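Take a look at the structures below.
Next, two complexes with chain A in common: one pairs it with chain B, the other with chain C.
What follows is the complex of A and B.
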């Protein structure tokens, strides 16, 4: 009897000991996270506020600098990443789990997907630089950044999809097939709805990882100082400007000018378009790769656009062609070319250059001025808030889907 | 093949009193032969398949009803393993045919040939024919659409497997697959199917609640309603009550008895009492072969194959 009681007491002691150990481990994780957030808030509290969220970064004054461009960049890059990685990853997972025959080829794909998940992110950056920037000429744009991060998280989404599909009992598939459903109907009506919760969990983890990535975006050439927002859909397109002294213009009034032959030269630098003007460089950020810009200018009636052998974009005006002059007088006299249409298209923001919150943070941290360190901490707090709200959104979606599926 | 040890055991079935109604009131303990011929195990249950004529007068051909389907020389292979060996079996229209036999004898495999469920897995191969009457369609021919066969022949599985959706959606799904869009007609047909599966009164107030909240027996009747909603020509039952308690089992058996006036039924069962209660014809399978097929009463009371006799009297299996 004593022996039994003794052994029970021993078991209970062990149980309590393990319980305490478990709580301690959980607390370690919580404390690290809590102290991290507390530190960011403590250091950055003075800067956090609406002005911080709605200001562009400033090179001179830490107090006036904000995260507007990097916050917008992070969110827009995430939109591209999510909208390309989720359909692609889910489709690949469905294919591998439901369609692919088991043979050496699919095994090869499976092994490589697992390996891809372990590849360092900077390698993805190098691949994107070679493939997207140099090969496909997508520029150092939001599109390139979003696709780079999509490559990065694709394996996670695929693996999560396959796990979610695998956890659906085979008898659910048989029940649906037995009613005469085709394979696609089984997937669309049953497998995808039943696995949405599992897929959403994988997507949350993947997006949380992507939003904190810096290395691959620096590799493809995301800029750390950006003082403009990508063009909003249907917002007014700016004029392409050049000093009128470079072309012969017969002015017929304040509203119109006539180019009497001649040419404009634009310097191409890093796929950004800069208009050569007056004494210096007047930047014209049309935010798109040079080749696309050339095609669009070329399409305008009365303008020919070609690349010279030295890399200049040469624009020739047809004789007698009228263009609008927006401002006249002084240095501001400029020929403004309407780049076709009056407003930006709904997807033109994807061609804009961008920065993201982690890059902005890194930029501020590396400044010697201590005031910028506070900015970095505040930007870190914003980044964590964005990540948490992305996760919360995904959790809401998952909960809604699960409510519709009643196991 | 029949193992040598199984051959030529003396037949020990009492034939003279085999007529079921005559034995209805007999106490179970009266004679040991009652145990071996369980056709009348439950006196309250009707005995649909038992002919009133004495067994000795039966014609050699067991089936004289018109046929709904006909298995002709069917063999089935899982890769290189032959699970069904040259089976020929008539399936009479609007009656219940039971398949019995020890585990691994190929009865479920044979059943799943009828709706081409084997097509879902690689490496499976059919040989021979299953002719679906009156269309003269060979169900297992490569040129026959498996989807079409599954729309004509529905199935109820061993474990209740309702979709994790509402009760209504479970029954409606097969109709949606067939392109039914009209809401009023959908509602009418779902109700009809649920009534046909004796479930309507229990679920009519919660049609849009989760099907998985139903009890096991209700779930299985829901699966029957789902199978019936599409007006199938044949319903396949794969041990439909093996996961259910006796009361739920009784309800399912009553249901099978009721729906057979409208639809041809093929049922695999491990439970020999169940076979006698619900079926008109029984096929006994052994090691992939159809050892014997006859009227259920004949199989259980006067089998011609000694192996069948040994199995139905519980000496192996």
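What follows is the complex of A and C.
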């Protein structure tokens, strides 16, 4: 008896010890999470505030630098990502779960999806760089970034859809089929409504993952110093101004009608930085034939330059844009060409350069300057607030859904 | 309809044909578009392979595979160019190794505890916490590593560089714990209660049952969890780029900084490299190395998962 009691006691002691070990390990994780959040809040507290959320980043002053452009970028990229990944993912999930037969082709697709789910995110960035940016000429734009992240989270959405559909008992399908519904009717009227909760949970988690992704967007070239917002639909397009100084016009033929000194620069008003518009850098030296000037202006995207029979330079622009010549002809001190006006279209923002919040944080963390560390902490706090609240929201949706549905 | 009840889980061929006959063209279009959506995932994989191969091919025409695999320096951006992947590979393996040493024991212990010991109420609290841990963006972990963990380690270990693989590896380990835990726990819960009850009936305690019965029974699934976690660690970019630095360094000393394959790709992408230059192509060569490593790990994980699902 003694030996058995002894052995039982030993077992119980071991069980308690392991129980304590398990609790300790869980506490370690909780501790790390807590100290991470505490560290962010402690270091970033000074920066957090409305000014931080509504200022552009500044290269020089850490106090004035804010996350406005990165928040806007994150939001816009998410719009593209969600609108691409959700329809594709749900459709693929429904197909794999409801339509596909169990053959080698279906297995291939399934293996492929589980492989894609585990491919490092930076590989998606490399693919987007080679394919979307260069081959498809989508550029380093919000569209490219959104599609990259959509590809990244597609496997998650597909798996979430399948899990949600799998949790619906077979009797629902059979009842509908028995009443004469076709497969699509069963899906549309019965399965999708029931699985919406599960799909929504998966989608929210997938989007929260996408918001925090840095590597693929850096790889496609999302620069981290963006001090403007992408053009809002139907907002006014700014004027581009070109200044050429010292224009002299002679009356001989179009070949020497104008000799221009200086260079043509296009300056974007309202922005701090010089931007080149459609190849608008042109340099013409004094004494060069006027044909050279005409060629240069003509080469600028959106402008068309020809000589009239009387030797004047006639400049016109693309349909949809406005164009204004302020001074011309004769001996003029300056020739002003204005190009701009009108409004932006509803989809021009997708072509804009952008940055996102995690890239902004990465940029600030990488600086050796200690002042920017506080900015990084504040940005991290905002980022974590977004991702944690999204995940918490998903958990709530899932819990609510479990309570409501009674099979 | 035709009086035949469909078997559970399958619509019989006859019913399927009846439904298909009635399927209007709209139905077939819908089915086709869904099929295309499913096939799209294959297009993504094709795109990845295509880009990696076509962009890295010119690189391998100029740099021999032998040099790529054996040269001990990686200096494509310097004047004296070397193209050996070993320093980057070493950085990846070192940081992954440290992360695994943290994540596997910690994650498995939590998984076993959750699956065999913890009360249901406790589980409902701990599981969301782990989910929240997995929701933290990796840049934030990187900040944590370089601003909080590394200075903390510097207090314990003198002469520790601010950028070191140890801090990066430790934080990466914590990041991976939720992956290990959730997949291992799923595997262990799939083990039928019968096995546990048999063990308890023989007089074994919880620890003995957990380690001698449940763990071995779920081994394939746990192995799948481990390989997936390793794959995640290999592909991780931001934590190592921020905390371990971007300087390629062939060393087995975790107190030094080193660049991983992924950190190198990020560092180069941030700069201005002309499209098509040899330096630009190096990121795709590095990308192929990374892709192959994770591909092997992922396929291994799929095989293991298939085995454990079959068993029950």
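By definition in this document, the second predicted complex is superposed on the first by the 257 of 407 C-alpha atoms of A that agree within 3 Å, B and C clash if a C-alpha of one lies under 4 Å from a C-alpha of the other, contacts with A are read in each partner's own complex, and residues count from 1 in each chain.
In this section, a contact is a pair of C-beta atoms (placed from the backbone, for glycine too) under 8 Å apart; a residue touches a chain by one contact, two chains touch by 3 or more.
As the structure is a prediction and not an experimental result, all values here were calculated from the model.
Once the two complexes are overlaid on the shared chain, A:61 sits clear of chain B and of chain C alike.
In the superposition on chain A, contact is made by A:182 with both chain B and chain C.
Contact with neither chain B nor chain C is seen for A:235 once the two complexes are overlaid on the shared chain. Set side by side, chain B and chain C differ in how many residues of chain A they touch, and the one touching more is C. Shared-chain residue A:83: touches no atom of chain B or chain C.
In the superposed pair of complexes, A:12 makes contact with chain C only, with no contact to chain B. In the superposed model, A:102 lies in contact with chain B only, and not with chain C. Contact with neither chain B nor chain C is seen for A:167 once the two complexes are overlaid on the shared chain.
In the superposed pair of complexes, A:194 makes contact with chain B only, with no contact to chain C. In the superposition on chain A, the residues of chain A contacting both chain B and chain C are 174, 177-178, 180, 182.
Note for the complex: chain A touches chain B at residues 101-102, 169, 171-182, 185, 189-190, 194, 405-407.
Per the touch definition, chain B reaches chain A in the complex via residues 115, 117, 120, 122, 147-148, 150-151, 154-155, 157, 159, 161-166, 173-174, 177-178, 210-213, 223, 226-227, 230.
Those residues of chain C lying in contact with chain A across their complex are 1, 6, 8-9, 11, 15, 19, 22-24, 26-27, 30-31, 33-35, 37-42, 44-45, 47-48, 50-52, 54-55, 106, 109-110, 112-114, 117-118, 126, 128-133, 135-144, 146-148, 174, 177, 203-208, 210, 228, 231-232, 234-238, 241-242, 262, 265-266, 269-270, 275, 283-284, 287, 290-291, 294-295, 297-299, 301-302.
Looking at the complex, you find that chain A touches chain C at residues 7-8, 11-12, 14-15, 17-19, 21-23, 25-26, 28-30, 32-33, 35-36, 39-40, 43, 87-89, 91-92, 94-96, 99-100, 108-109, 111-116, 118-127, 129-131, 134, 151, 154-155, 158, 170, 174, 177-178, 180, 182-184, 205, 208-209, 211-215, 218-221, 224, 358, 361-362, 365-366, 373, 376-377, 380, 383-384, 387-388, 390-392, 395.
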